[in-house]
Amino acid sequence: MKFGVVVSEGPYTHQAVDSAYRFVTAAIEKGHEVPRVFFYHDGVNVSTRLSVPPQDERNIQQNWSALAKEHNIDLVVCIAAAQRRGILDENEANRQGKDANNIAEGFRISGLGQLIEMGIQTDRLVTFGD
Amino acid sequence: MSDTKKFLYVNRKAPYGTIYALEALEVVLIGAAFEQDVELAFLDDGVFQLTKGQKTDGIGMKNFSPTFRALGDYEVTKLYVEKESLDERGLTADDLQEIMWEDEDDDWEEKPSIRIVSRAEMADVMANQDVVLSF
Amino acid sequence: MATLHTVNKSPFMTQTLLSCLNHAKDGDAILMIEDGVYGGMAGTGLSDAVAARTGAVKICVLSEDLEARGLAAERLMEGVSAVGYDGFVDLVAENDRTQNWL
Amino acid sequence: MATLHTVNKSPFMTQTLLSCLNHAKDGDAILMIEDGVYGGMAGTGLSDAVAARTGAVKICVLSEDLEARGLAAERLMEGVSAVGYDGFVDLVAENDRTQNWL
Amino acid sequence: MSDTKKFLYVNRKAPYGTIYALEALEVVLIGAAFEQDVELAFLDDGVFQLTKGQKTDGIGMKNFSPTFRALGDYEVTKLYVEKESLDERGLTADDLQEIMWEDEDDDWEEKPSIRIVSRAEMADVMANQDVVLSF
Amino acid sequence: MKFGVVVSEGPYTHQAVDSAYRFVTAAIEKGHEVPRVFFYHDGVNVSTRLSVPPQDERNIQQNWSALAKEHNIDLVVCIAAAQRRGILDENEANRQGKDANNIAEGFRISGLGQLIEMGIQTDRLVTFGD
């Protein structure tokens, strides 16, 4: 089956993104497909590459980037939610006149249409939030 | 599976204290372009999103409640509001905004988008969906 | 030696207001802000629990938050009064400490 | 045409579990995850409300979250079972839709 | 005002679902260096922070519950736990970790840091502070 | 009187930081002092200069930076909370080997000791959170 997953809360603060990570891993292990994960609300903050968690804690961003690479998962960060919260890729930074960007490898910024499309194209949709 | 899916947006949170209500509305507006069957559910504190007379100057935030009145133009015409949730909060239908849509199949007659339903009817609405998005 | 308590969550969704009411002492003040202002409304499922303390505890709601949510001051229950941000500041100054029920 | 409901908040702090129980239909499943797992414990102030639905609704808790919080599976009330992430995946697949009570 | 203030850290949230419990503990540890009077209050879901037997391998998060047992070394020796909160959750004192401190004024005798108090006593603890930090 | 203020939630997502802003403004108008505001938990995310809110919405970061400049308020961002969540100044970025930083003018990164110190040195402490 095809599963779509939404992550609605930020890293470290809420468990939602950790639960989503374990759910996606388990789904793939059972032979399901997870073509896309959509990051909305504070979920967009998962995608910053500037995070430096303590050495004895998990690195949430790196874990997602690695999982996405291994299983070809499309990690989409909502552009409207990202702009409010200060998540930018190089294009957006240039367009907005900002002197830096902070998005990590494996994540891409796109519109809310990608969320609806995911709802249409997958068999099940699961949201992890607060 | 048909090409058209039934989408339900579930709103259970009050406006302004958190951003979920506003960002849910942004999804609804974008989603309207995809020509799916769209319904909105308002229960628990979500019913507070629809109160009339919201004035946000004093808190410095944008008043997004007028956007609900524009939903008809996007062919989003079914806003289910749970009666038990209203009752518990001391609210009646009169406390909510008037939200209308024009029915092109009925000589563009104006009809109300808000439908007050019982908890059991709300459970039926929820069970009749392909995709449920919660905010 | 009184305490100002603030509550910023809807009492219909969380237990925070009830917990605050259970710990506030006579002579304390409670200020409802943000989504907490719904706790001051008359005629709700929670009005009785709040009304039981309006004598011993000074209970206020932040008027800016009330207005934002479309609630007129007339909807407040008896014994609950609306104050602005300047009143919020005074409450903090007048009481010996502030306890924020998050 | 059944629904999997997930609840991730503590039932002692929020109304979310109660609202979910009030809307779940016979034949549906409820999975408690994260802080929601406390809702499956026996002998709490909320056990009766959950027990009232264990016949008609399949109620599960995520064992990884239960273990993290120091709760042994023996603390679960009768009629509530623990499943792992693989069981979570199966529940999503078996039911026609998932409704996440956030 | 004396040079020493009374600080109370109020813990009302469960561990792991959100980071507040962990980041509260980080404040307590840093705060211990400032030689203020420090007390901790655990009520509502905060009492879940102290359960014994936490094993977090399955959720991939760090188990920070052993840190509570180190608080005595930082001279943080008063952890008030509300009995009504335990009762409502079906918990007893036996479900909580044993947390001890050594009393240097009493021949280094080991004494328990956890003090189970009634709701009324908890209200007294709260009313007896200079600074209340909530998590 | 001297008021210390703690902000515990992120911008736009929770109203906490908006309430704190209005409270600080009102306190200063009434003649009180607010020497420091401490940003903890997701509150650290207020300090990113990469945020681009919609033009018809408030700019939370800029409002704080301006208020701090006008009234000489020390805006302190907790270093431990900031590192987890990807908020870095130039020094921290260099030290951590990151290729960008994102902190805005008027905010400075420092330790949790600054929170305790604020509790000791002010007459009242007010926390805005979730």
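To keep things simple, chains are lettered A, B, C, D, E and F as they appear, and every chain counts its residues starting from 1.
Just so we're on the same page, a contact is a pair of C-beta atoms (placed from the backbone, for glycine too) under 8 Å apart; a residue touches a chain by one contact, two chains touch by 3 or more.
Quick caveat: nothing in here was measured; it's all calculated off a predicted structure.
Chemist: Which neighbours does chain D have in common with chain E?
Modeler: Shared contacts of chain D and chain E: A, C.
Chemist: List every chain that touches both chain B and chain C.
Modeler: D, F
Chemist: Using mean Cα positions as chain centres, tell me which chain lies farthest from chain B.
Modeler: Of all the other chains, the one whose centre lies farthest from chain B is E.
Chemist: Two chains share more C-beta contact pairs than any other pair here; which two are they?
Modeler: Counting C-beta pairs in contact for each chain pair, the top pair is A-F.
Chemist: Interface check for copies chain A and chain F. Shared numbers divided by all numbers used: above half gives same, below half gives different; which is it?
Modeler: Same: when the shared numbers are divided by all numbers used, the fraction is over half.
Chemist: State the chain with the largest centre-to-centre distance from chain A, centres being mean CA positions.
Modeler: That would be chain C.
Chemist: Can you check how far apart chain C and chain D are, centre to centre, with Cα atoms defining each centre and the answer in Å?
Modeler: Going by mean C-alpha positions, chain C sits 33 Å from chain D.
Chemist: Just give me the whole-number Å value for how far the CA centre of chain C lies from that of chain E.
Modeler: It comes to 27 Å between the two C-alpha centres.
Chemist: Could you state the distance in Å from the CA-based centre of chain B to that of chain E?
Modeler: That gives a centre separation of 43 Å.
Chemist: How big is the gap, in whole Å, between where the Cα atoms of chain A centre and where those of chain F centre?
Modeler: Computed from C-alpha means, the inter-chain centre distance equals 26 Å.
Chemist: Which residues does chain B have that touch at least 2 chains other than itself?
Modeler: 12, 16-19, 44, 59, 61, 131-132, 134
Chemist: Please output the residue numbers of chain F that touch at least 2 other chains, ranges allowed.
Modeler: 12-13, 15, 19, 22, 41, 57, 80, 125, 127, 129-130
Chemist: Enumerate the residues of chain D that touch no fewer than two other chains.
Modeler: Residues 8-9, 12-13, 15-16, 34-35, 64, 84, 97-98, 100, 102.
Chemist: Report the complete set of touching chain pairs.
Modeler: Result of the pairwise touch check is A-B, A-D, A-E, A-F, B-C, B-D, B-F, C-D, C-E, C-F, D-E, E-F.
Chemist: Please give the residue numbers of chain C that touch chain F in the complex, ascending.
Modeler: 6, 8-9, 33-35, 64, 84-86, 88-90, 92-93, 97-98, 100, 102
Chemist: Which residues of chain A touch chain E in the complex?
Modeler: For this pair, the touching residues of chain A are 12-15, 18-19, 21-22, 56-58, 130.
Chemist: What residues on chain A touch chain B, complex-wise?
Modeler: It is residues 6, 40-41, 80-81, 111-113, 115-117, 119-120, 125, 127, 129 of chain A that touch chain B.
Chemist: What part of chain F is in contact with chain C in the complex they form?
Modeler: Those residues of chain F that touch chain C are 1, 3, 8, 15-16, 19, 22-23, 25-27, 29-30, 32, 124-130.
Chemist: State the interface residues of chain C toward chain B in the complex, per the touch definition above.
Modeler: 8-10, 12-13, 34-35, 38, 41-45, 47, 63-65, 67-72, 75, 84
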